[in-house]
């Protein structure tokens, strides 16, 4: 391997305080978060806090005990309340199904634990508001796991926009395209209305809405529709919407689980008065950057984000040695640990429960618009 | 140069009847169409008819006479009526500003000339309907110059869809992105409401609507908005819409003249139950094809359309030697000449004035939806 | 169509002198050149001279007479000497097989006609030198049809390098990949040693060598090999070489007719001390540009060359409306006509017969290196 | 996050035997390997053996003790002999500078430890042969860390070629392009002849040679050159070579640290009689696949390798959720642990020390060819 050296760090692990993690869920998100907590202990050096995997909870005894063994949790339980009452748990991580977001998260916060909850925060705006309101009242740190804010390209985009490098934003167009939904024999909680709340809307569309808000600002109206293609499916397969932003930008938002050939294609483009950005999650190490800078050689640059001097990148490899999707959780949970350690803010780079609630308001508005046929204005509630 | 030989053709030019062309307009479209007529005479061999450039009309005497001289028209005029009364003119080609589409086109058709008219057909659905109705009554051939149907990739897509290779279509998403509108000092008839009727809507959005109809079928509803960003501009800069199709597909349609860095990026993607297609006009020789065929190596193919055995390609160069944007007009006008020569149909591969009218109905609905905030159903009028 | 207006030109066709063209060959190159001469008459306005298609020569009477009819030559002949003796011919264009390059081209020049000859100039360096020497002695203008110098991206690259925008060049790597040679049943003069001289070497490799010389300068040594894969084939299918340039750059050169899936993939990359360029002929409207300019957003720009203000582009369409492969001949022959009209130089942007000869010296050296196993230094002869 | 469920595994960690790791080196490769050992413990489930990080050795006391603390090694030492004599160490991992490959690796093997050594195995073919010979004599498992065999795309390519899906291979062309060498102020052991042995040759070129051998077979001859551009640099900056393979394929090999804008662009292409493959390490999750299968839609497929059912992928995330460069070490070291656990073979998917030696023979031949100017045949020594 080629490359250049690392800076030696003189902080010792023992100098860094531990934080006990209680994890709810052992499947896809359980694995992604557990991996992140383990890596934070040695990749992000020195870490703000050292995650200690105290306990993991799940419904199936055999599966949860196996997950505890595999990921190194000190114990397991089939009752999430055990996590809430465990004094060694300082951070409660909710990676369970959507229906299980509200009660355990609120309980954990009310027990004084910091909380991270997978998206969508709740199954509706009302449920999400309730979670936010109850948790905010406790004073703990809260993060809604919109991990795509922690793709390096997203952070770079946000920094460029904040610095005015794109000028005023005129357009945001984004689509989150997957195709695993095209299997009538597949069964998962994600297809059950009571457990998931919605389909592509909350699963993929919420990511699009959050990134829109993260980069462009509040959405003021939506005109759209939700659509279920497969007979008997309880939740939506796709959403389509035209949107307006408070700042004057306009665009489109789409999400579907039926775009054959697209596996994880969260693609977005932003056009401003000074430049444009474009991105595709299937190439998450890259971002396309156009600057209206008068260069005779005019075009979009394909920027390998590992090139760029900004947070996250220094932890990894030399430029051009790309990172994987799993690393976004390392970045995200590190950010939360930093906020906890320093008693700092999760916002604006991390999504708080307020962000989780606001995304849910937009998602609800898309559902309303689908039913009413009307352009729906969005009113955000305050605490 | 490398490559393989050509088939010798034994048809002689003198065996092919002439058709006299009367051209209205000498600017962008005048050049594109004149170039096409000249090339049809020797590239598409044998041509169905041999275009003879009889006369060209335009407002500015110096400019129109210079254009006649340059492109080889036998005479010029500042009065389009001269084209209508010229017995040598068998085909009237209207490449003038939108406000000048209706009257000359109808007059020419009523004088027995076949007619081609640039898009949008009229400035509104009503005007477009009037043109269609009046021209259809004369029995001449009519073609609305949606030239992007004649990009080889579009034709291939249509043939694949007609053959069922994509299965049932679930999604159509398209955006036509340009950026030349971002110049407050620029003045052109395209920015004047009376001459153009609309901005990005009729100029770019109409192309999107026509291609949507060409590939996926009738649009049943739109929910969207039109937006003007530059102060003082009389026409829209951008449109955004969520759409439904009669066949059940859903998607989005966008058009803008303010997407910095995008020059002629008419990008579309179609997802069906058996595969997907994706396209970008800035790479008009390519189409991305995904087939759900079970191949372990799963992904979108980048197909150089010059590879494919289908109409148009044989006229040009060996595979891999790409064609230009200007060639779409050669294909389109050749198609019209074939219909004239054989007394055949312009539809379904060519856009008739009915197609021009139907696109206008959708465009009008987007404007209505923008005003009303409501999802607008589209009712198409018959003759 | 959208776009912006054209500048009115007030030059009249009658003000531009004619030049009579005598064409040898009616197949692939005959078509490409004839098309270019016709387009120069109205696309490049005002043209330096107006090509008049006087006569075309070819071996097969039926085919050559059909070509004359199709492309509009005033007469045809099966004896190329007729072109040489025709006083109306001011420009002799040799698009015939390689074995027919030397004698007719020399004869035409000695009869006082300006000459263009397809590449490779001769079948060997000796033959090429003879052609150059004999033609140069006559004082006529001579152009060896390395048309890829007239791809807009090539010209832009040359201008950038000349302006020092890339700094000193360190690397040139290029490969010309096609796959039509993978057909044992195919027969063409290109597979016959006596008619073609070589296979991929002279057909594709010569293009690579010329572009290397055009952009980076003289090649000083080659270490390589030629290879024939198909049994019974008289000429090489592929070449591979490591090369050194006078200026210190090093790199590789490849050409093959057996790269399945590559149709016309002439791909090259240049690395200098200030930046890099990369190109693929299958996307001939684009060039990748990297500038080491310190921008935090670091990467290669995909430049649509129709963006760039430089020769050729103004003749065509608005930015983003791409041109085709055939247009390179319009640019090339226009350049020659300009040199003839102004009694100017074909060099450095056009390839002269000296360039044709020099490319042949490099090609010969690759053959020698293949046989000897040695790195071959290249000595260029002078007149 | 969306995606589908995981298979529950019932193997317990305690059922899997441990293996003690002794690591030499704490910089770039020390980090990459340490990370891999840690992840093997929970990502690849169940692991063949559970790595236990026993000790790490390095020259600088402060740095090595910090690395031990960070990555969780039980102890550290500034004397690598301590690793060799430590009975708890079952696997010796040499990630030190090239000059430190031979002695410690041989000593560890002779002490009965399995060994992994970073590439290039030795600084010359002689040194590499010595290492191979001495280590092979001990009977331990040995792996030369050509980690790019463990990019999923490489493994897929190998499997496709083995299965005959590409037919006979005609061409291999590869270049490994980086640009970090373009900094005259930078100092690292990689620029010192005694420590590194060579520059781009052993660092990057060796990777190219190994992958060529892995995919296409033995290289029979090279004609090439090595080049140093920066004044005062002791090692080469770049290599260029034309190559022949035993099986009849021909191609080129390049490596450079001075290709501005290319960060980790190990790009290769293979053309066979039935299809082609192309790859770029900067997009290591993708491979381009062309099959000459007669499909009318002909072209290269962009395959997201996370699509493909083959080793490694199941450990990670759902299709489309890409992996990072660091994961290649997880795959590689897991492969070695499997061979150790099962007393199986490291070859053919993993590179043995014989492979390390053979790559060195080719690298030496390039150096010889550069000096002699001759095509160098390669003779491989046996044990």
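Letters A, B, C and D mark the chains as written, and numbering starts fresh at 1 in each.
Definition applied: contacts are C-beta pairs under 8 Å (C-beta built on N, C-alpha and C of every residue); 3 or more make two chains touch, one makes a residue touch a chain.
The model shown is predicted, which means the values in this text are computed figures rather than measured ones.
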{"item": "Most distant chain from chain D by Cα centroid", "value": "B"}
{"item": "C-D or B-C - the one linked by more C-beta pairs in contact", "value": "B-C"}
{"item": "Chain centre separation in whole Å, for chain C relative to chain B (CA means)", "value": "34"}
{"item": "Approximate Å spacing (C-alpha centroids) for the pair chain C, chain D", "value": "42"}
{"item": "Per-residue multi-chain contacts in chain B, two or more chains", "value": "262, 298-300, 304, 307"}
{"item": "Chain C residues within the chain B interface of the complex", "value": "1-6, 8-10, 12-14, 27-29, 31-32, 34-35, 38-39, 41-43, 45, 60, 62-63, 66, 69-72, 118-119, 147, 178, 180, 186, 188, 190, 203-204, 257, 262-265, 281-285, 304, 306-307, 316-327"}
{"item": "Touch list for chain C against partner chain D, complex", "value": "170-171, 173, 175, 177, 179, 182, 223-225, 227, 229, 238, 240-244, 248, 250-252, 254, 256, 258-262, 269, 271-276, 290, 292, 298-300, 369, 373-375"}
{"item": "Chain D-facing residues of chain B, complex", "value": "156, 160, 287, 289, 291, 295-304, 307-309"}
